[in-house]
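Shared between the two complexes below is chain A, which pairs with chain B and chain C, respectively.
What follows is the complex of A and B.
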């Protein structure tokens, strides 16, 4: 399956990926409105990790043997049969945070308003995730490897 | 720097991107604010701002209007009165001198001669640089002709545009790699400048011209032999008669290894080559290089366009140069004294015409190819230069702009926000060589298409047929005495 890969050599640390991700997962999908009025609900599911000179964007790795699916007590974490992406069914999630505890990448986040796990959905329905599309230096790629 | 508060979402992309500390985020107020006085006008923040909230405008004139004492003249004096130093700048001459390219127009076919559609018919842009024989001799063998004249080494360009000398050190390694990679992809050449040949560029060495300049940085037999051609740099259009100075803080481990100088030391290129005080001395160096490269590579000599350029170029050809590169006064630089950049040297248009004429008059034009450089902005400039007598052109600034440069002219500060003219590892990684190489290759592809269209319009199917063909140029608004130098007729005058 296609996955998102970070190239830390070219990551600027500008965090445009976070901004685009937030807008994509906001209600209005409009950048100014999302930041002004929807900050309480909208949050990015990609996070730029930074230490000194090194920075890179981190989001769910969509692992082949995803520990979060194993650990999920509610059956909310599941694999999309078509795309193989690991997705969280927020209606089923009970917010036990087992997935957060087992995620080796620290890529599952707590939902901002609801007590549910929030994670990268590879921008389902898009040709490429918005974090990849919007990266000004192509420090994120979306490819089969 | 102006920020539209209606659009700004306090996302702080601008804060993270500015190397000049213009933008600041106050967490307690959740507000990004800006200090415009530090802004150099590089547009990095405006380009990356996701909401288009930032615009950069020229600061309002804060002095009483005065045509003679302009704000920049007054500010320069304040600056020098304070520090007592020379004024420094980067990029090419930005003074409003007349551009002769903009006052020359090209010809096209109508009725009596057919134009050619390059999408349907073959169109040749391949250009060979190097010494051409005085005549070619054949002999018949088994009923087939075979060439008996021994040809001098040539380099083959798929498009008559090369990337001019920009050293690793003055520009980042990522920028150097992008130029080399694009040169290889487009079938043309990039020039190392006086920065040596970094190991990461070895795979592209077949498309590199290596420079031997007055500091001789990075030069050894391996360097000369890896390259496609060798260029002796006598002068540079942005600063004729001036040497170079790469400050020690830019000489990190990799630059030091590539230039073969101690880490952290200033790389000082003397103004002249101290072993070249005459054409005869130049000849010695040219042939020393030819010996070192077993006469297998063309040797370029690059000179700045100065008043006596025609005679100097003739001397260079007679000294054995296979290619003479002439850099006009709009040529760029990583750093030059402002007064030199803006007031020394002559326009490339006049220099090129004068050199081409002189070499033709002396019957030695075939002995060397001519490369014109200095401020080429478009494929139309390239076509006009070829019609004036150039074999090919060098582009430097245009290539940097393709990689993202916004001509803020602060290359000499080492704080290039675009990751081009800097060695700061946080800034250099902003230039992804994959992206930059693709953009450079696209630029050359676009220019090739345009050059072909312009040639086709003139009814010419090979760039060779345009070279020095000044009948295809006409002048609009150039003084008569300058037209004489250019060898171009005014518009309205027929063949």
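What follows is the complex of A and C.
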């Protein structure tokens, strides 16, 4: 399957990926509205980590052997049979945070407004995730390896 | 080709059993699987019974897999059929209705049964255990019919806390009685317990530690009071016994399958008898962190064991890898995550603590020989899995102690090789 890969050496730490991700996962999908009216509800599921001159963007790795799926008590975390992406069905999630306990990347977040796990969905329906598309320095790639 | 033996038989229907079905089906799309479960339900999630009783999830959300799961996976699910004995010599499972199912490969995933100590009067009406859907139903029915106002929960561990939460949500006045000197003694250290106890009390639930229920008193056959060791009496009309679960090994007793506290399994989840596997709360495998063989009755472990067993049953090759205790439990709104030897102290252990004075954000890390072997997160649990990963992968943490204790817990603080391994994303095993 295609996955997102981060290239530390290319990452500028500009956080455009976070902005694009937030907008994509906002209700309005519009940057002005998302930042004006949805700041309390919309949140990115990609996180830029930065330390000194090193930075990279991190989102769910969509592991082949996904520990979050095993740990999910509600059957909410599951693999999309078509794309193999690891997705959280927020209507089934009970917010037990077992996924947070086992994710080695720390890529599952607590939802901002609802008590459910929040994570990268590879921008389901798009050709490429918006974090990758919008990265100005190709520090994020979306490819099969 | 018609077989006189069923290729795959699974006894059980919870996460270990379902993990096995999924493990088998990754390698073998077709050969029928017979699954036997004494409970009449489509596979459901046991940990959700507290959410169900509390009214937070409905019946539809109890199911662990979609309704067409058995059909889609060619599983002949015999629900409501009790397996009573495994004939480990002739390789067959005997059922309570007189049936006999010869098998080639068997998975025993019978889970745990609630441990109920001998308490005088425990046969009174209004006394329950809390591990199955039927338990939740029975409690709910009793609340509707007898309108109890007060409840005593015997046991302040994970099940007890969840039972207390649910009963509290049902409007009952709840008291938790814990034998140890503090709440959640296995998962939390003293400071963590203190924070959890405060969350419990803030919600209006009472806690009595250092004692247990010695006798249950009844009036007209129904619970009226419990008498604690030491003589104190609590008036209550409902009692939940939530001390813990023990491996339900009954169907293999008397067979040549080796058991200790649970059914002994190796890293392939194979028992001592070729062709027979065990997984989940009934099984006893190796604890990576202590080196001991012991049951680790936790959800992720059950799922993984089932998966490993299923893969091996289908002719593949899978091993458990690292296994150790871990629990994520919210105590009346206070999230806690406890991983590995989270409460260890004393010789050989180095303990790092952050937020000792904090009411809501406490962390504790335990190192042995420079490697992390335990972690505790209370209040702020974000990104806790990064530490679980370090424990699992046995990463030398002697150089990152400051980072563990700093504000942001991120991958960027970790050794570059490990970070790249995780970020690249392939083959991460936790």
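Just so we're on the same page, the second predicted complex is superposed on the first by the 145 of 145 C-alpha atoms of A that agree within 3 Å, B and C clash if a C-alpha of one lies under 4 Å from a C-alpha of the other, contacts with A are read in each partner's own complex, and residues count from 1 in each chain.
As a working rule, contacts are C-beta pairs under 8 Å (C-beta built on N, C-alpha and C of every residue); 3 or more make two chains touch, one makes a residue touch a chain.
Predicted, not measured: the structure shown is a model, and the values here were computed from it.
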Answer with first, second, both or neither: which of chain B and chain C does A:137 touch in the superposed model? first
Could you say whether A:31 touches chain B, chain C, both of them, or neither, answering first, second, both or neither? first
Touched partner set for A:16, first chain B, second chain C, both or neither: first
What is the contact status of A:98 with respect to chain B (first) and chain C (second): first, second, both, or neither? second
Once chain A of both complexes is superposed, is A:49 in touch with chain B (first), chain C (second), both, or neither? second
Touching A:110, do we find chain B (first), chain C (second), both, or neither? second
Of the partners chain B and chain C, which touch A:70 in the superposed model: first, second, both, neither? second
In this superposed model, does chain C or chain B come into contact with more residues of chain A? C
Quick check on the complex: what are the chain A residues that touch chain C? 3, 5-6, 8, 47, 49-51, 54-56, 58, 61-65, 67, 70-71, 73-75, 91-92, 94-106, 108-110, 145
Residue numbers of chain B touching chain A in their complex, please. 6-7, 9-13, 16-17, 47-48, 50-51, 425-426, 429-432, 434-435
Quick check on the complex: what are the chain A residues that touch chain B? 7, 9-16, 19-20, 31-32, 35-36, 53, 134, 136-139
Please give the residue numbers of chain C that touch chain A in the complex, ascending. 19, 45, 47-48, 51, 56-57, 61, 63-65, 299-300, 303-304, 307, 326-330, 335, 337, 339, 381-386, 388-389, 392-393, 409-413, 420, 422-430
